[in-house]
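Next, two complexes with chain A in common: one pairs it with chain B, the other with chain C.
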Partner chain A sequence: MPVVGTNVPRKDAAEKVTGSAKYVDDLAFPGMLHARTIRSTIARGRIRDVRLPFDRAGYTVVDYRDIPGRNAVALIEDDQPLLVEREIRHVAEPIVLLAHQDRDALLRARVEIECEPLEAIFDPQQSVQVLKDLRIVKGDVDAALARTDVIVEGEYRTGHQEQLYIEPNGVIAVPENGGITVYGSLQCPFYVHKALRIALGFPADRIRVVQTETGGGFGGKEEYPSVIAAHAALLALKSKRPVKLVYDRLEDMLATTKRHPSIVRHRTGVTRDGDLVAMDIDVLMDGGAYVTLSPVVLSRGAIHAAGPYRCDHVRIAARAVATNTPPNGAFRGFGAPQTQFALEVHMERIAETLGMDPARFRELNALRPGDTTATGQRVEADCSALQVLEQAAQRSDFHAKRERYAGTNRGIGLALFFHGAGFTGSGEVTLASRAALATSERGVRILVGSAEIGQGTRTMHAQIVADSLGIPYDDVETALPDTSSVPDSGPTVASRTCMVVGGILQRCAEELRARIGDLHPAEHFRRHGPTVVTKQYEPPHGIRWDDDTYRGDAYATYAWACDVAEVEMDPDTYEIRPIHFTAVQDIGKAIHPTLVAGQIEGGTAQGIGYALLEEVVMRDGAMANAQMTNYLVPTTLDTPTMDVVIVETPSHHGPFGAKGVGEMPIDGPAPAIVNAIRHLGLDIRQIPATPERIAEAACVSV
Partner chain B sequence: MRTAAASLDLVRPRSVDDALRSIADDPSLAPIAGCTDVFVGLNAGTFAGTRFLDLWPLEELREIGIRNGAISIGALATHTAIQESPAVVSRVPILAAACREIGGAQIQNRGTLGGNVANGSPAGDTLPVLAVAEAVVVLRSATQERRIPFTSFFTGYRQTVRRPDELIVAFELPPLDQVQWFRKVGTRAAQAISKVVMAVVGGERPRVAVGSVAPTVIRCTRTEAALAGGATFDEASRIVESEVQPIDDLRSTADYRRRVCGNLLRRFGTETQR
Partner chain C sequence: MRLRVNGREMEVDAPPMTRLLDVLRIHCELPGTKEGCGEGECGACTVLLDGEPVCACLVPAAHAESAEVTTIEGLGGEHPLQRAFAEHGAAQCGICTPGMIMAALALPPSPTLDDVRVALAGNICRCTGYHAIYRAILRA
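Entry: the complex of A and B
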């Protein structure tokens, strides 16, 4: 019986529900030491002296001189040191590592760091250090703007956002077999493997990275685990003991990555009838102190900056700059939530300027199959921007409510958006991910480096394999993501785990079926011993991308969505309460509808937090509210009823028609909510739209 | 950074008298009960004390009852117990309402009224209620007991008249027949720390108290006098806005808090008058 499209029990459900699943802090190894990171307390400066005025017996101390390989966190650039040598570039930058078998002894050790402070930069607009800049050009914007009737301009700002996975970053490094094994809470075992290889200077086969059960990531465990894994490994190699390094919440919030803050400016030419003529867009992102993933976050942000709209003349100038805050990094949506917030609030303002219904204005300009995006990509038959818009307006009774709420404390707003699945541009070709299937006593075992981080990787992959092989779901097992025994299927990011890795698995299953004939794989295993099929990513035919000009097919395909937010303002406290939410999202095919709905509901809730509550308060380059009491994420009481509608317009790029689902849900809530607030008569162009900001806007409007 | 646990000492008394003797002998002991504030401080490394007196097992300090017409609430009554007390719910429903707004269920099961007061945070949710209810704080030492009006209990930011050898043992709330009103503003719908928290008692002698807008919870006496003298709620709102002294901090801004105070008082007016 086919299982794709059904809500089979999660592969990890029993262990997680009964509490037997082991997270990294549940693990202990004989002789294990605990570790602590000594960090900078200033945003920029030079280290003059490091003193350790305590009896060092029983302590392992590591600084940059103990790094056998390169003192760099290997990612896109190697500019970020694992441990500061001299120059401090942000608060909470790691300088010295300590290990001891007694946690209290670790806390008692006092390390004195003497620094010469230097002037720090916190305003990205003041920064002259460009980490990445790029331009997307389509048509002739200047000429088109010169001849349009109406030009609407605006500037939109978004703040930092903390991923706030429930399990903080943590790893255990174990010296074994002349090398090192790292167990950790992470999204990308092979990223960590590469970082360790470069930091330690070890050959690949002496490094092993094993993903332990992971309590959420949201991008926050894409690049940071490379830092913490290398730290634990250095201590383990020096002490010759297993070393556990698990952050507490405060340290995790203070030191690890956040979503890039952004300032996006729009200048848009439009006819009086509502046709988009030209879009001139400037995107600025605050990358923090080091390059980390900023170039690719910027790239995705820029490509999504013109939204799911057709327009012949588009210019997108984007740059990410350095400031003296901890590096910003991967976070669900990866640049697209920032730029689509700006665009969708701007679109609302254009409709308002034209005196046009906001849904009608979007309908006029939404991409249809055959239209081209800002990068010149021709969207295919699975482009359903119009359908999701129409369905969302109908489901939510948008037009009737817009009239009914007018002049009350209620408002309704919508946002139309899209999200490219998989790595940007030539990324998937460069990655050349591999996945494998091996016959087993039970049936077949999936061998991938893709991490289960709560989103349902194991379950969804097993469904794809079960149906592709024509065997029961229960006969599909999944190997632990362990770099010594699974192929590198790329990082667990970019909404690629279903579409890209699932697609490779489907091909593995098809070849395995061809090899074993009609036999059940378990029967084949009994008769012939193990059979392993490994496949590599194959770029779809006709996909072209030019990294130099930013022209071409930025993604194999896109998912499409429309959110409608209904809010109510408390006139006394200026608090905005979302009261109902409609999310119509076309993700190609829901392999597991309940998991898909969970992704949409969760991403929407996280987007509501982004829109209204989550404010990272930075003081002198440090997060001042690095506590869950003061960094407010929505509780169930802050989350409205959600009408989630899954639309399935299949894509021929993904298994069973599936596209990406993980990230898109967080692109829409912020603009939908801010547009609903606009319906209340309040001009908000910055998120989070805290009651303090609403109060200010209300003061201006009254 | 987290405080090293091995550096901490805990004294566990067997009775209230035993506790009072301990604290008389060693005034450096910090009295603790539900620990809902203490653990946060220890975790963040911001709690100065290292020696603790554990009052949690002292059942005699948990009683809620009526004495001489007043409700007496033991210092160790938890926020949950207060919400479940028929005496509180029927006589001072705004105290039950305030307790319902504190943290989540776990915090309400551990956190105590005495702790909320002793912690002295100007954002303490029960404090404006105690202020408008004209509660009396019962302080006891090994040698004496004294009764301090709640409005005189705080002397500054986290400063109180409690002497190092005294424990808060109870609160006494006189009968409250007038209309009473409470509102907490924390932005998040649950598990929030107050940006503004207000309690109001109406009638002949109106009383208005606000938290999170000054170094301590405050009674707004000018506003009260204006209301008693027949001022409209619009007028009183403007007075309360000038009477509070909020600051910009991690959680909110002075402007916002000021304006919300005025709005809340106006809302009390529209909800309770006529």
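Entry: the complex of A and C
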């Protein structure tokens, strides 16, 4: 019986509900030491002296001189050191590592770091250090703007956002077989593998990275695990003992990556009838102290900056700059939530300027199949921007409520948005991901480097393989993501695990079926021994992309969605309370509807936090509220009722028609909520829309 | 210290101010109770102390002497809440799940949605947006 499209039991449910699932902090090894990171307390400066005025017996101490390979976190650029040699570029930058078998002894050790402070830059608008800039040009924006009836301008800002996975970053490094094995909470085992190879100077086969059960990632465990893994590995190699390095909440919030803050400016020309004529967009992102993933975050942000709209003349100038704050990095949505927030609030203001209904204005301009995006990509038959818009307006009773709420303390607003699945442009071709299937006693085993971080990787992959092979779901097993035994399926990011890796698995299954004939793979295994089929990513036909001009097919395909937010304002406290949320999201095909609904509901809740609550307060380059006491994420009482509608317009690019689902849900809530606040007569152009910002807007608006 | 955990008497050699969380995870070797924040905000370490949900990171172990401590391991594996969490997708990454289930245990029979929301207000889930958790508890 086919299982794709059904809610089969999660492969990992039993372990998770009984508390027997093993997260990294639940593991211990004989003779294991604990570790601590000594960090900078200033945002910029030079180290003059490092003193360790304590009895070092029993302690392992590591600094940059103990790095056998290169002192660099291998990623896009290698500008970030694993341990500061001399120049400090942000608060909480790692300088010295300590290990000891007794945690209390670790905390007692006092390390003195004498520094010469230098002037730091915190305002991205003042920074002259450009980490990446790019331009997307379609048509002739200047000429088109010169002849349009109406021009609307605006500037929109978003702040940092902390991923706040409930399990902090952590790893255990174990010296083994003349090399090192790292067990950790992570999304990308092969990123960590590469980083260790470069830092340790070891050949690939002496490094093994194993993903342990991971208590949430959301992008926050994409690149940072490379840092913490290398730190633990250095201590383990020096002490010749297993070393556990698990951050507490404060350290995790202070030192690890966050969502890039952004400032986006729009200048848009429209006809009086509401047709978009020209869009001139400037995107600035604050990358923090090192390059990390800023170029690709910026790239995705810029490509999504003109939204799911057709417009003949578009210019997007985007740049990411350095400041003296901890590096910003991957977070669900990866640049797109920032730029689509700006666009969707701007679209609301344009509709307002024209005196036009906001849904009608979007309907006029939404992409239809055959239209082209800002990069000139012709969207295919699976472009359903109009359908999701119409369905969301109907489901939420948008127009009736807009009238009914007018003049009350309630407001309703919507946002139309899209999200490209997989790596941007030629990224998937360069990655050349691989996946494999091996026959086993039970049936078949999936061999992928894709991480289960809660989204349901193991379950969803097993469903795809079961149906592609025509065997029961229970006969599909999943190997642990262990770099020594699975192929590199690329990172678990970019909403690519279903569409891209699932697609490769589907091809593996088809070939395996051809090889084993009508036999059940378990029967074939018994008769002939193990059979392994490995396949590599193949780019879809007809996809073209030019990295230099940013023209072409930025993604194989896009998912489409429309959110409607209903909010209520407390007239005494200016607190905005979301009361109901409608999310209509077309993700091609829901391989497992419960998992998909979970992604949409969870991503929406994170988006609501982004819109209203989650404010990272930076003081002198450091997060001043690095605690869950005062960095607030939505609780049960902050999360409204939700009406989630899954639309399935299949794409021929993904398995069974599926597209990416993980990230898109976080793109829409912030603009939908801010547009609902706008319906209350409050002009908000910066998130989070805290009571302080609402009060300020109320003073201006009244 | 003598503790009674999941119905078993346990002798624990730890300073009295040790966090109950550490005593459970390390001394009692019951790692099902998770640490998310260490400051009583996330609820991942929720256990029952004489039937009342508490954050084990805020309770000194000495405070649990002569009390009955229940952790996720004490539920076996077939508790209706555990089955419902598994069935309704209420466990995604799973790190908040033991604490959520322990907090839900303290609910009255046949709770309303409001009862559930209030009872779980001290337990943060970053994956689900809570709705799958409500569905699980209301149908358990």
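Details
Following the convention adopted for this analysis, the second predicted complex is superposed on the first by the 702 of 702 C-alpha atoms of A that agree within 3 Å, B and C clash if a C-alpha of one lies under 4 Å from a C-alpha of the other, contacts with A are read in each partner's own complex, and residues count from 1 in each chain.
Please note the rule applied: a residue touches a chain if its C-beta (ideal position, glycine included) is under 8 Å from a C-beta of that chain, and two chains touch if they have at least 3 such contacts.
Just so it is clear, the structure is predicted and the values come from calculations on it, not from any experiment.
Of the two partner chains, both chain B and chain C are touched by A:Gln627. Applying the stated contact rule after C-alpha superposition, one finds that A:Gln455 touches chain C and leaves chain B untouched.
Applying the stated contact rule after C-alpha superposition, one finds that A:Val17 touches chain C and leaves chain B untouched.
Looking at the shared chain after the overlay, A:Ala320 reaches neither chain B nor chain C. Ranking chain B and chain C by residues of chain A touched puts C first.
Looking at the shared chain after the overlay, A:Leu164 reaches chain C, while chain B stays out of its contact range. By the touch criterion defined above, A:Val617 reaches chain B but does not reach chain C. When the shared chain is aligned, chain C comes close enough to touch A:Ala597, but chain B does not. By the touch criterion stated above, A:Ala554 is placed in contact with neither chain B nor chain C. Touch criterion met: A:Leu637 reaches chain B and chain C at once. According to the touch criterion, the shared surface of chain A, contacted by chain B in one complex and chain C in the other, consists of residues 248, 627, 629, 634-635, 637. The touching residues of chain A, counted against chain B in their complex, run 103-105, 107-108, 248, 250, 571-575, 577, 613, 617, 624-625, 627, 629-630, 632, 634-635, 637-638, 690-692, 695-696.
Against chain A, the residues of chain B that register as touching in their complex are 1-7, 40, 43-44, 183, 185, 187-193, 195-196, 250-253, 255-256, 259-260, 263-264, 266-267. Remark: chain A residues 7, 9-10, 12-23, 25-26, 163-168, 213-218, 248-249, 453-456, 594-595, 597-598, 601-606, 627-629, 633-637, 639, 642 touch chain C in the complex. Only residues 25, 31-39, 41-42, 44, 71-73, 75-77, 82-83, 85-89, 91-98, 101, 116-118, 120-132 of chain C touch chain A when the two sit together in their complex.
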